[in-house]
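Once you scroll down, you'll see the structures, which are given as structure tokens.
Note that chain A is present in both complexes that follow, paired respectively with chain B and with chain C.
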Partner chain A sequence: MSAKSQSLLWIAQRASAALLGLCVLVHLATMIYAVRGGLSAAEILGRTSGNVAWFAFYTVFVLAIAVHVPIGLRAVLIEWTGWRSRGRDVALICFAIFLIYGGMSAVKAVFR
Partner chain B sequence: MPSRNFALVHRLSGIALALFLPLHFWALGQALQGEAKLESFLRWTDRPLVKASEWAIVLLLAIHLTGGIRILMIEFLPWRDWQRTLAAIAAASALAIGLLFALSSTAHAQAWPHKPVRFVVPFPPGGATDISARLLGQKLSEIWGQTVVIDNRGGAGGGVGAVEAARAAPDGYTLFFPSGSVVTANQHIYAKMNYDPEKDFVPVTNVVSGPQVLVVQASSPYKSVKDLIDAAKAQPGKLTFGHAGIGSQTHLAAENFVNAAKINAVQVPYKGEGPSLVGLVAGDTTFLVTNVAAALSHIQSGRLRALGVTSKTEFPQLAGVPPISNTLPGFENIGWFGIVAPTGTPKEIIQKVYQDTKKALESTEMRARFYVQGLAPVGNTPEEMGRAMKEESELWARVVRERKIKVE
Partner chain C sequence: MSSLQVRVWRGGAAGAFQSFEVPRHASQTVLDVVTHIQRALDPTLAYRFACRVGMCGSCAMTVNGKPRWTCRTHVDNVYENDKLEIGPLRNLPVIRDLVTDMREFFDKWARAKGQFQGKLTRKDDFQKIEPESRDRKQVDLAIECIGCAVCYSACDVVAQNPDYLGPAALNRAWTLVKDERDEKTIERLRAVAGDAGCHSCHTHMSCTEHCPKQLSPTAGIAGLKRAVSLAMLKGAL
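Up next, the complex of A and B:
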């Protein structure tokens, strides 16, 4: 992999980490509000359903996860297993797609 | 701690979290398919083992974040090693404490009901529907630890209350407590209705049922069913009967009687059973075919005279009052009062209301309280109630068509 690609991955890893830190905080605040406020499941879904802001936020959250996790696993696979073939990147891209699919299914259910 | 150990811990926790994520997304995707599934999921997360797993994940997240924050600081901040470590641990600990705080309190949100439940009764106070709702509501308040509020919304033969309940949020906190006809007959009587009993409500349980009683004012010259029928035949269209509103159970019971007796009497609609009884006591109408529960106190106090009951046999609470079928062979009319919920109410809540109502009705105290009101507990399942409502709706469709009862 070229030095340019390496540094792009490095930047993506750090940027997604910073974004995830922020997303976890917002998610945490939401959970505390929903739970401490005594909202029922119907009330929670009533507020998230059709709310574009929540949809956008959780979409960003899922995408940040889909970027951060495979890059982190890539470094682990290279250093611990020595797996350096193209198959490794294909497998990680598949895992990223799987995370996006799973995450967006949950986001879609919240938005619906 | 040396940097390489931090990196190792960061990676191990990262791998564990990466493995957990697909499972988390899958569970969330399943749980968010509807309120009922979410309620069930939230209850599931309250189990000790699940709770322990959640805490383990929070710990992993905190460890991973500590390593991550430290890495970012090494790369971007010119701090000393111990300063970075301390700051990273502090930041991650704050986050972990927050997460644990949130998770430990999830149990509070889940249990239904966590606030008062409203029974919309589509008639004013004093009628059998209101009496039944209040008796059951009192017992359910004890079982649920939440107040059951009786919200009387009379008018339009139960239509006003039905619309109010149909438009309420289907979250289990508003339930509809009608007499049977409001959800089985009105749709055949009213040309225009702002609610559709079949589409807007789902059955929960039939609470109680009971016969009606034919009553006249205490000073009335009619001493028996035969007297009343003879008088009506002698002066067609002169006698009047009150009822709780067009299409109400008491209206249909009276129409059924008029039809069976082959007499001509004029109907006088009231806003509810209570007001129709007041009207009869005041002498505004000639007779009522009303629910035993509502009329009993008036009969016992001597304000009204009972001529006959609509059950095929004599009714224990009205000993000495003969069945109308003694005069009109085969005549029978039984009324019922039950709970339906706005469509979309989570199935688990419907099931809980049914189970708790059944439990309440099984208590000796409740059976006794309904008995003195002339009502018998039912407590059938939502499926059984649905089938019975369908059959009754078909019956009333035929009666309404034959009697030409129509409100434009």
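Up next, the complex of A and C:
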């Protein structure tokens, strides 16, 4: 992988980390509000269903995870297993797709 | 006269520690202990030293698990629980006893483009560098490295990823990136980017913690990450 591509991965990981920091804060604040406010599952779904703002927020959250996690995992695989072949990057792209699929399934489920 | 119980690494990578009893002296350094063993107890002990005053960096060894200059390490400061264990530097192949093969360490300096490449010829006048300029001040903070490999031995990333250039080579590259007279900046940034370079640093700061010159290779590596990112965003990488 070229120096340019590896630098791009590094920037993507740092940028997604910054985004994740913000997303986690909003997510936690929302959870605390929902739990302390005594909202039922039905009431929560009532607020998220059809709400484009929540859909957009959690879509960004999922995409940030799908960018951040595989890049970090790539470094872990290099250092812990020495896996450096092209197969590693293919496996990580598949893992990123799996994260998007799983995450977006959950987001869609509360948007419907 | 009291004595010290010392365990010293013998053999190559598959060697073992050997115990010695060494007379205790006031202001005794770990290098004094090793020298006593070699001169009085076992002349076959292999170790490396030169200046004995912390200028050359050749006497670096692992003392009670930490990389140190043995000439500047007083026994009083490291003799804990009646234990003094002296081994070769970590992360480098052991040639014999306390002597490591430094070739890979210095080859990595070359791989990080650690050679100065000036723009001027001998016919030109000296290039004026303002001592108070921001870049020169950053060079000053990192330039005193003497290549002892203590930071390299302390680095966990080198231990996990043998291709990693290491703190000393990256620190050297950083001093050249910030040197206005040098003209290989982009080529150097390409060399230090990526899995074997600055982007692999975990910022554990072991190099900074152990550097006998109190330099901070971690800060230089962070600077390289910024410089590489800026060069990439400008399309220069």
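The rule is simple: the second predicted complex is superposed on the first by the 112 of 112 C-alpha atoms of A that agree within 3 Å, B and C clash if a C-alpha of one lies under 4 Å from a C-alpha of the other, contacts with A are read in each partner's own complex, and residues count from 1 in each chain.
Keep this in mind: a contact is a pair of C-beta atoms (placed from the backbone, for glycine too) under 8 Å apart; a residue touches a chain by one contact, two chains touch by 3 or more.
As the structure is a prediction and not an experimental result, all values here were calculated from the model.
Novice: Contact-wise, after the overlay, does A:65 reach chain B, chain C, both or neither (first, second, both, neither)?
Specialist: After superposing on A, A:65 lies in contact with chain B but is clear of chain C.
Novice: Scan A:56 for contacts with chain B and chain C and give back first, second, both or neither.
Specialist: In the superposed model, A:56 contacts neither chain B nor chain C.
Novice: Pick one for A:78: touches chain B only (first), chain C only (second), both, or neither.
Specialist: Touch status of A:78: second partner only.
Novice: Go through the superposed model and pick first if A:7 touches only chain B, second if only chain C, both, or neither.
Specialist: Touch partner of A:7: chain C, not chain B.
Novice: Just checking: does A:45 make contact with chain B only, chain C only, both, or neither of them? Give me first, second, both or neither.
Specialist: first
Novice: Going by the contact rule set out at the top, does A:94 touch chain B (first), chain C (second), both, or neither?
Specialist: Neither partner.
Novice: On chain A, which partner's contacts cover more residues, chain B's or chain C's?
Specialist: Higher number of touched chain A residues: B.
Novice: After overlaying the two complexes on chain A, where does the chain B footprint on chain A coincide with the chain C footprint?
Specialist: In chain A, residues 75 are touched by chain B and also by chain C.
Novice: Which part of chain A faces chain C closely enough to touch in the complex?
Specialist: By the definition above, chain A touches chain C via 1, 3-4, 6-11, 75, 78-80.
Novice: Can you tell me which positions in chain A touch chain B when the two form their complex?
Specialist: 14, 17-18, 21, 24-25, 28, 31-32, 34-36, 38-46, 65, 69, 72-73, 75-76, 98-99, 102-103, 105-106, 109-110
Novice: Which positions of chain B touch chain A when the two form their complex?
Specialist: 11, 14-15, 17-18, 21-22, 25-26, 28-29, 32-36, 38-39, 42, 61, 65, 68-69, 72, 75, 95, 98-99, 101-102, 105-106, 108-110, 112, 114-115, 169-172, 346
Novice: Give the list of chain C residues in touch with chain A in this complex.
Specialist: My answer: residues 157, 160-161, 189-191, 193-195, 197, 199-200, 225, 228-229, 232-233, 237.
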